[in-house]
Structure formats: structure tokens, C-alpha cells
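Next come two complexes, and both contain chain A; in the first it sits with chain B, in the second with chain C.
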Partner chain A sequence: MSTPAVTEPAVAGPPVTGRAVAGRRLTSFMPVIALVVLLAALTVADPGFLTLNSLTAAARTSAPLVVLAAGATLVVLCGGIDLSIAALCSLATVFFALWLPDLGGLTTVAVVAATAAIGAAQGVAHVLLRIPSFIVTLGGLSIFSAIALVISDAGPIRVVDRDVTHWLTLYVGGVVPMAFVVALLVVVVVSLVLRSTPLESWIRATGYSESAARLAGAPVDVVKVAAFTVSGACAGLAAIMLVSRNFSGSPTMADNLLLPAVAAIVVGGTAITGGHGSLWRSLAGALVVTLLRVGLPIVGVPSAYEQILYGAIIVAAVALTLDRSKVQIIK
Partner chain B sequence: MTTNLTRPPGQRVPATAPALEVRGLVKHYPGVKALDGVDLVVRRNEVLGLAGENGAGKSTLLKALVGLVRPDAGEIWVRGEKVRLGSIADAADHGIGMVFQEQSLVPNLTAAENIVLGSEGPGVRHGIYRWNTMRRLAQEQLDKIGSHIDPLARTDSLSFADRQMVEIAKVLRIEERTSHPPVIILDEPTSVLESKEIETLFTQVRRLREFASVVFVSHRLDEVLDVCDRVAVLRGGRSVGEVPAADAAPAELHRMMIGSTGSDDHYHGAAAERPDEPRPRLVVRGLSGRTFRDVDLDVHAGEIVGIVGVHGSGREDVCRALFGAEPTTAGEVVLDGARLDLSGTRAACAAGIGYVPAERKTEGMVGPMSVADNMTLTKQGSRCTGPVVRPRKQAKLVDRWIERLSIRTPDRGTAIQRLSGGNQQKVVLARWLVAGDVRLLLLDHPTRGLDVGARSEVYRLLRELAGQGVAMVLLADSLEEAIGMSDRIVVMSDGRATTEVAAPADGKPTPLDLVKEMV
Partner chain C sequence: MKFTSRHTAAAIGVTLAAATLTGCTEEVGGGGPAAAAGACDPADITLVGQVRNESNPYEAAWLDGGDTFAEQVGLTQQRLTYDGDSTRQQEQISQLLAGDTECLVMNVLPNGDSDTPPIVEGAEEAGAYLVTQWNKPADLNVTDYDHWLSHITYDGVESGRQIGDALAEAIGGSGGVIALQGVLDTGAAKDRFAGFEESLAANPEVELLDDQTANFSRAEALEVTKTLLTKHGEDIEGIWAANDDMALGALEALEQAGRTDVAVVGIDAVPDALTAIEEGTMTATVSSDGPWQGGIGLAIGYCVATGELAVEDIADEDRAWFAEQFLIDQDNVADFVSPEITESDFACDNLFSRSQGAMS
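Moving on, here comes the complex of A and B:
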């Protein structure tokens, strides 16, 4: 899963040849190739796997993960990391369950707005107080988990009124789960906004070289806060997807999604050091992770081993994609 | 432990063999010949000064002497014996040690720990620190140089001058590795010291001469002449001569450093003709910050003002402060009659100020991004309609500038890091030009690391811009460049703008005129 722009040495090389371009194109499709290979392997292991039903189920399962990973990808592209997404998502499911009786149809908007604000607050803390994003969001992770436990009395809260989330459980054309369509829309819309505005330039410059970006007059601080805000909003949206499936809010509901989300980002080939990557890559990464998750029982591995798998994936993917010429001292 | 100790008795080196000798040392870097056949002799018990402009090859030579750089050709002889130095430890085994320009002490350890770090010897037994032994070892070292620093003081609580003493004490540990008098290299040891501390250092250097040889490197020629016995001069990676310090004047030394002057014609191109304006474009009054105080500066439209000064004069920080990238504590900056907001780089960009940083690779450009995106990174408006990027608009604009500045790149989508240094710098410059609204350019060593051809192209471009009325502040790579390119030169020393020298095309000052003001 080598990523060309990252692994190329920073020297004046020979002019790009057609072959080099082709090679680069190929490697940027690596996550997609991994996806296809995985799908094929699972089909071989269990010929009954490649059916419409199981694919639909997998797509439905992947939706919250895709949304979480997409949001956090923005923060990673800026050169930071957001470890609070899963805890914030859990907190948001509790918010939803608690607010639904009062707010009714507005709950969805309120929850996403609230998590966006919380994300923005983390971004502001990171930028203004000059604390590493790793520490700010690790603190956030702990704080959000605790708040969720306190306001939920440490237990799940049933959601009785299912009308508000009903739309997410529908199927488009009878086969494609609505939640997955929404996740796709998030990726498409955010990617399009980045591509068609100066934001992408600013984000990449910030991630590759913050000091160069600053000296070029890029609004580095604003861009970073915006990335954390979108990451927070995505956590809120993922929470609503989870509630629509589980009919309850729970203070630990999304906690086991942190590692898969980080794994999705790095498997997609987004550089953990920032700058290089995209939301599309994270979408592919999230699908790979979901297939692995679904596939483990098929090949006879107990699901208790899942966490080992995520840990190994993250380390291996970063080992493959990390640009060690950029990071001189690995801490 | 060393070749010296294993030599059979009786085979004595003649007492006349120099402590250290370098013969025909050559070192290439891609595109640059850093050392081009350097010869150097360091005698026993002498202080040898090493002088040369930036890029003369001083640092590379010193690094080769302590094993940090492996020369491509040439020989290094220690006390009449040819040696191969592969690492700092190798050099130490031969009695060569260096006090680095950027201090190399670990700030959160005690002075004693720093002194024995890497050569703990009996200070560590069975992997366990023996504090009393360490303290004694450190004290011995400090006694050698007669310093009264507390060995158990944390290093970051010491003054710069004291830390330097600790460094010297640390370097003298190499005496434990060899039975011969050591060679101590001091690289720019005075650049961070106050004048009183410098006196202490010089006393120390003279004391070192009693039992060691010293190589002393400094930008300040008066210092070199003051403390050294002999001065060797490097220029363009070659040794160009040496003089006894006793009867040399800074002027003579400087002539040797810069060589023959004035062959580069684009330097002396006529300054831009401009109508006398009532008001300068840039007016700086009483600007103060961390490393500079009460700086006044005027720059007219179409004028190139050079700022010269030795390392530590604060000129780089003044440049950054004008761009809002370095905090200021007092002062006022007015651009075309409007007071400038110095709180951040965005305000400066919006006001039409451009900045070309000295560190092109890490600060000037975003390496993996394309030529096009680097060029339009600042003036996003030039490729957008409203908030929306128009790829065709960008392509047209970028292609036009690639052609205008004859930037050699396969295409506009190529990552800028694949271009040569000169072409990268042209893209960085183009960044400020694409919108056509630049009023003031701050150029921090714009030709650093460029070859001669690329330099001339940058000079030509700067001249052209001046002709179009862009005001420029130039921190040049060499005095020659500052004199050739500037219409007026401001001399900075110890954070203050001390003198101003006119440099019209028909009446350029000589480097010596400036050196007199700088030191």
C-alpha cells in the first residue's frame, strides 16, 4: 500500500514518465484492490457469502464506520488525530435518546449541531492553547465517556419513538440501505467541497508543512478548527445511524469503533503524518475493515480476536505508508 | 585503544609533525563542491583561526575533521600519521574534539552528566550511575579549565557562557582517550555571548593553548585576529592563504575572504529609475522584538534595501516581524500610509507583502504539492470565482507564469520537490506575483543553495520587479550580493540598525566599508 507522493525522495528527480504516472495511479487504487481481493477470498471461503443479502447487511454495518472515519480523516489530513470520535459518538446516542421526547423531529439536527460544537471546542483548545491534538482528544475521549455515563445513569436508554430515525432503516431501490447512502453522501459532499474550494490546498499544505502553510498566508488555525468541527458533526451523524439500528442510546455504544475507524483511515492509505490522503481512501478502508470483521466468523476465527486484528492492521498499515524521511525522530 | 598507543616504542614521530594536517580534501554535494582541495596545518600549541564567507566550506571542513562528513578525496594526518575518521568517537580517539555551534548539551541533565555523557568510564558500573565518581570526573574536567561551575547544576539553569565552559570541559574528556595533546575545534563560539563573556572565553582559549591546539572559527574578524596566532582563509572550498595574526588587519583578511570583486554584471545593473516620491512605501519606526530593538527603516517603491549584519544581528527576525511571523513588543509599521497589523501572516499577505523564507524546502514550499498549487497557495482569489476553484483559470494563470519566469518543469501538475532549487525558488517568488498586488517583497537569502546560473536568473527577476515599482528588503547571501543588488544598505548589529550606506549603481561601497560597520 505504498503511497507515491509520500515515499518519493524529496529531491529533484528526472521528469515524470508515463510509466511512473501509471504506477502511481495503480498504487492509489491499492485499497480498492484490497477490497476486491478480500471479497474474492471470502467468497472462496464461503461460497454463500456473495449474496445480495449479506452484501446489503455488510453495507448497513459499515455506514457508521464510514461516517466516523470520513470525519476523522480531515483531522488526520491536517496532521493531527482525533481519538475522541467514538466516545463522542456514544455520548451523542445518549443525547439523542434523552432529547427525543422533547425535541421530536428536531433531535437529529440538535445532536449533530451539539457534537459539531464539541468538536469545534476541541479544535479551539488544540489551536489556541497549543496542545497536541493527540492529548486534547485523548482527554476528550475520557471526558465524553464519563459525561455519557453520568447523564444516562450508566445504562442504555430505550428509544420508544422510532419515527424520527425510521428513514435511516429504509432501503433505496429495495436493496441499498439508506444509512449507507447517507454515508456515501457525506464522503461525496465533503470531498466535493474540498476539491472545489481552496480548502483542499490549505488542508494539504497544513498537513505536509504547517510552517510553510503559515508563511504562505494559509488560514491554518481556521482550517484545523473546521476539521475538528466536521469530525464532531460526523460523530453525531454516526450516532443517529447507530440509534436507528439499536433503538436505544447507550454510553458505550460506539466505544468499540475507535480502533476500526483509525484502521480504516490508515488502511485507505491516508498518511498519519498528514497532507496525503482523501476521504475516498477512508471509505475504501472502512469497507475493508468491515469485510474483515464480517469475514472472521466465516473463516472460523472467533470474534473475540477482532481487536487483535485491528491492532495489527493499524501497525502494519502505518509501517507501510509512513514517510520516514519526513519524520526524522519517531516518538 | 588508539593507533597511537599500539605503536611500537622507538618508532617516534618527529617532534615537528603538526598536530593536525589536511591535504587536498574534497567533498561534493549534489550540485555543489563544498570542499575543492583544502590544505590546512594546525601546529602544536597554537590557536589557528579559520575565516571564510558563508559557503566557503568551513562547516564541511570542520565536520570532516570530527568524522561527521566523509571526504570524497584527500587525506587527514594526525601527528604525522594518516588517519581515517568515520565517527565522532574515531576523531576523539585521535584527540580531536569539537564544540558545536548549536550547543549539544542535554538541557535537563546536570553539568556533570553532560560532561561524562558518552564517555562515562568508571562513572557507570554494572549499568548503574555512580554519582560520586561522576561528580569527581566532572570536577576534574572543570578544574582543567579553571571553571567554578557547580557540576550538579542542571544545564538549563546555566548561562550560555557557562554552558559553553561545560562543552569545553566535556570536549577535554578526549584527553582520556589519547596520550597526546588534543585538538579542540570551536565553531562560532562567540555568536551567542555578551562581550564580557567573550573576554572570559578568550582567556579560556589562551589557557587551552598551554596543553592543546585550538581551531577557532568566527564571523567576527577582529575576534579572530585578537585570539589567534595564525589565520587560514577559505574561499569557495579552497584554501586561499594564511597570515600571522600579529600583523594582519581585518581589511586584509576580508579581501582574502571575498577575493577579486565585481565580475558579475547583473549586480551592477542600474538601479530602477524612479520619480522622487514624497513618502516611502514602507516606514518602520522603533520596531522591537525578542532579538532586535528600535529598528527604523524606510523603503521606497522600486527600491531594494539590503540589510547586512553578522550572525545574531537580528536581521532575519526583523524580516519575519514585518511579515507578522515573529512577535513584536513595540514599534509601528506603515505601508503606503496604512498602519500594518503585525499579528499574523494573513494580514501581511492581504496588505500586499510577500516573504521568501531562507529555508526553502521546509518553509518556502510545500514539497509534495504541485507547482500549480504551490504557486496559487497564497493568492487563492487568483484561481477562484467567489469561493469556487476554477481549474482552467488556474491552469492558464500558472502556465503563463511558468513561461514568463522560464520555470523548467515537466508540467504544472508536477510536485515542486522534483524541480531543481532555482526553479523551486522561482515558483516561490511567483506565488507573490500571480495576483499582481505585491507592494513589498521580503527576501531572506533568496539565492541560498542556488547555482550561478539560477542566481543570475533570480537577480534579473528581482531587478525587473524593482523596475515595476515593487519595494524590496533583501537579506543577501554574501556581502557582494548585498552590495550588487541593493540601492541602499542598512547595517544591523546586536539587534539595532546602526548605519545606513548608500549604494547607487555608480557609487557602490566596497565590502570593507561595510565590514567596518558590522563588527
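Moving on, here comes the complex of A and C:
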């Protein structure tokens, strides 16, 4: 297996000193540090917040967001953006609710396959028609929302048969929510696949400098389509998680998860310009965003201040987590 | 493999952090089966009110009513809002139920019918006392649950008929009217229009010239009304709207057309509508009494949690019921501009006094 000779730009920088190494270590920990600091702050605000139960609930809540953000991270790493994930996820909840009576246990597979195919189609449109990913997925966003509204008659569809999604509501060892375990598995598996194949270098190369990657012989187009496919599949999986806890599918169910997912990616320290970042970072970012979403109101922050705090903390977290030595251009 | 050490370090770091966190936590309430009803010391009770949005005056008034009740019993109410986002509502509820739920009382406005089942099941499992209002699937029975104490809603047929009658009276019992319907797919819109049709049947001289949907929206109502004013002109003597927002949109259209002779009615009693009624530009609206709604849900939960009322003693017809609603016109509008809460409304032996009967 030949790995293209693509290196990260930062490696060619000034000689790495001991302090720089320590600094870099610290930066790579920043998303986790941000998470711990936030948790500590919430605990100070309400000592009752830091309990096993409430961490378990937060982990369960975070699962769909982790999966959505993980999938979209791949697209961001390639230097693109996928704005359609939330709308596709909503559409997938409708698919699930509509197909369940006919397909039974196969619905899960069918939904993930369908969203993967839709993701792939967006990727193909992006590379073949050479339309910016922003536009392709913005179009996707409105198309998927509209389809979801039409096929669902613009209302939620209840899922009465819960056997198929029951496994997602279980707890591993009585503590760790199964949905969160599945989300972790997605992050672990995708990360391992990237690391053990040339894919990681290809994705990074594409993100840092697409033309250089092409010259180096990286299959840029294939990599991009693959990234969109995984992103689509993740939207489908997130949809099943949402259905498992809401007992219904709805054409707007996940719509409000788009910005939190993008925030999760950026808060994790993945550069929105591509190249630098990882799924692990998005995992930490998604946990930070989830804690903000559910933690602030629960510890008693009034709703008006909640939005202000949310915005301020997101900006502060990005200031903390973004490794500027890896990202030369901030747009 | 220059990444290896860094990522191992990261993994160890996360594990350590997690271990530290779990080390200093303890299981508090929740999860396990609930304590027998009525075991709570009033001071241990947590009161939570959850609505969509504080920027909506009706829902803000609801939460204020909850605060008033909480003060009455020497507690504070936790105010939660979810911005009309079903997913967010579920997230908040599940986080809330992960805390200390033994003496938790929740008065919740579910975003839609399908949002009610997960809330109910979560509360039942965690042993929190739950009262829901407005939305629930028809086939979900409150009596099947021990901790879902009550579901309160309003008879849309009744309110649609009430304002229909008020409209008929305002135009002197005969003349042409138009109707602005709500989102056709909602129970509220269907029920309210059915009530209006009943009123029309009782007032044969009133002629329905046209009915169109304006989706409960002020902006759409403005456009629809403009069109209908052009089409029917002077024949229109009254406008029936399925909510106040549309009624206010219709008022704007009338103002633009320079018409002051048309009676307009709506439902919800939003502050702008009350002002319009005071000024005489609008005829009538119907109030569900938001502050009372905010208080009553907490009061039912509080009475059960403290043991003053046992779940088994709540009659089946009080588990899912229509509450009384009030027709507001120029004569009584002053009473509703700054609604006052009567303490006795929330007394444990008086909780269901506003019932107009069980939900059919």
C-alpha cells in the first residue's frame, strides 16, 4: 500500500522545541479541558448537576449530536461543509416511521443505506458538477425538508412498534446509554479506518490544499464522495437514535441540530477551513455543546441569558481549542 | 506513528477525568421506583414549569402564574423554555428527570401531540409528578399511569361557538361574515371551526361568505383579508378568526382599507387583542387564563406530592378534562388586562373546580 507523500504544513515550520511539544500536547487536550471546565462551572452553579444520573442523561442526549457531528467532520476535514445533515436526519426519522410497519427489523439498515445513498448523491453532485459543497448541501437542506414535509403530511408520525429501536434505549452495565456507546463506536471505527489506511492523509491533504493533493496523486474526488456518504449515513443513524427516544418521526425533528453540530465541530478545534482536526475533537465538542444546551437551563440560567452565555461560551471555547499553528488562514 | 503517544495520553487523560467525576458522584433519586405518593416534605418539592417561549406573552403569563403559586407555598418555580423545538424539550425533560425526581412536580406544555408520550413515560419511570396541558394523542390514557396526574385542555368547539355567537350579536344577528381558519391539520383549528359552524346554524341570518386558512399567522391573515375585502367588499360585516394573531392581521387589513364598521373576533386573549377590545376595534376573544394554567398544574402535583390528595382519589373525569374558558368583550376586558390569581383556585380541595367535563 503506497501512502502519498503529503505532510502537514506545520511540520515544515521552525524546529520543534521541547516547549513547543508540550504546548502542542496541551492544545490537543484543549477540547477535553474545555469540557471539564464547563462541567465544573455547571457544578458550581448547581451542585446537584454533577451526579451519575445526570451525566448519564447528558451522554444519552448527546448521542445523536455526536453522530451527526462525527459524520460532518469528515466533510469539513476535506475542506467542505455539509449543511444538509440535520434536514436529512429529519427526513430519515420520517422514513423510519413510514417504513417500519413494512420492513420491521430491516428498517434501521434501510434508513442508513438510504441516507448514505443521498449523501453520496450530494458528494457526486459536488465533485462532478463542481458546485461548492456549501451550495449543494444548502440545496439538499431545503429539498430534504420539503420532501419530509410532503411525505409526512407535515406532521409527526408516531412509532407504536418500539421493538426495533428498543436496543438503543438500553444501558450498558446499567449506566452507559447504548445510544452513546453506538456513537462512541462510530467515532472509534471511523477514526481507526482512517488511521489504518491512507485515507487520513488523503483527507488531510485534500483539506489543506486540494491542488497539491491532486498533484500528489490523492484520489480527491473519491475521498470527497466517500466523506459525504459517511456524513449521510451518520445522519440516518442519528435519526434512529432520535426516533428511539421520541417514539415518533417528524419532518422537523432534527432541524435545530444543524448549528449545534457545526458548533460541535468547531468547538472541538477542527478547522472549518479543512485539513486540521479529528473525530475525537468533534466528540468532545458535541459533549460541550450538549452540556450547554441541557445544562444551562437545568442549573437555572434564565432563558434570556442562556442564549447570551451559549454564544459567549462557544466563542471562548473555540478560542481555547483551535490550534493556530496548524491553521494558517482564518476565514 | 508519532500520534500514538499523544493519543494514548489523551485517552488516559479522559479516563482519569471520567474516573475523577464518577469518584465524586453519588446516586441521587431518579431511576428507581418512586416513593409512595404523599411522602414529600413541602420544602423538598421542586416545581418546574415548561413552555415553548417566554417571548410569547401568553406563555410568559403562564410561567408567571406558576411563580405566583410557588410563592404561595413558599417555593420557587424553575422556568424552562424550549423555543418550540420538540427535540430540545425532550432533552430538557430527560436531563431534569436525571436529577432528584422523588419530589419533582412538572407542569408541561408539550410541543405537539406526539411529544407527550416520551415525557409521560420518562416521568412515570422516574417517579416525578406530571401535569400536561393542551396536547396529547387521543389514544393515550392518563388513567393508565400513576404519575401522570392530569391532562388539561380546552374545548375548541366551545370557544369557536362562543366567539361565533359574539360576532353574530355584534352585527345585529344578520349579515355576511368571513372566517379565517388556523393550520387545518391541527385539532384546535378543526374544533374551533366546528364550533363556529354550530353558531352559524343557530344564527341562520348570518351568512358565511367565504372561509380561508391563514395558518394562525398574522401576516397571512393580513393578505387573505385584503383579498377577501376586495372580493366581497361592503358585504363583509364581520370576521371570525381562529386565533387572535389572525384577528389582529385582519384588523390591519381593515385599517388599510379604511373600514371601521367590521366586527372582528379571535381566540387566545393575547395582550394586543385585549388592547384592541379596550379600544373598541375588536369585538371579542376567548381566554384560557394562562396564569391559572401555570399555577394549576403545579398545584395538582404539589397536592399529590405532599399527600393532601391521592392519585387514586382523583376522579377519572378529572384525569383528562376541559377547563373553563372565558369570553372577553368590552364589558369585562378590564378584568383580564392584568389577570389576578385567586389563591383559593389552587387549594387542594378546589383543584378541579374549573372542569367543564372529561375530554371526550
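Throughout what follows, the second predicted complex is superposed on the first by the 284 of 331 C-alpha atoms of A that agree within 3 Å, B and C clash if a C-alpha of one lies under 4 Å from a C-alpha of the other, contacts with A are read in each partner's own complex, and residues count from 1 in each chain.
The rule is short, and it goes like this: contacts are C-beta pairs under 8 Å (C-beta built on N, C-alpha and C of every residue); 3 or more make two chains touch, one makes a residue touch a chain.
Note that this is a predicted model, so its numbers are computed, not measured.
Touched residues of chain A were counted for both chain B and chain C, and C has more of them. Once chain A of one complex is fitted onto chain A of the other, the partner contacts of A:Arg293 are limited to chain C, with no touch recorded for chain B. Within the superposed three-chain model, A:Ala304 lies in touch with chain C and out of touch with chain B [touch as defined at top].
Contacts of A:Gly217 after superposition on the shared chain: chain B is touched, whereas chain C is not. Of the two partner chains placed around the shared chain by superposition, chain B is the only one that A:His276 touches, whereas chain C remains out of contact.
Contact with chain B, but none with chain C, is seen for A:Arg204 once the two complexes are overlaid on the shared chain. Once chain A of one complex is fitted onto chain A of the other, the partner contacts of A:Ala58 are limited to chain C, with no touch recorded for chain B.
Residues 195 of chain A touch chain B in one complex and chain C in the other. Those residues of chain A that touch chain B in the complex are listed here as 5-6, 8, 10-13, 15-16, 195-198, 201, 204-205, 208-209, 211-219, 275-276. Residues 30, 323, 325, 345-346, 348-350, 355, 357, 361-369, 373, 376-378, 380, 384, 387-389, 410, 414-415, 417-421, 431 of chain B are the ones that touch chain A when the two sit in their complex. Note for the complex: chain C touches chain A at residues 3, 6-7, 9-10, 13-14, 17, 21-22, 24-31, 54, 78-81, 83, 85-88, 90-92, 94-100, 112-115, 117-118, 137, 185. Of all the residues in chain A, the ones that touch chain C in their complex are 25, 28-29, 32, 35-36, 39, 48-58, 60-61, 153-158, 195, 242, 245-248, 250, 252-254, 256-257, 280, 290, 293-295, 297-298, 300, 302-304.
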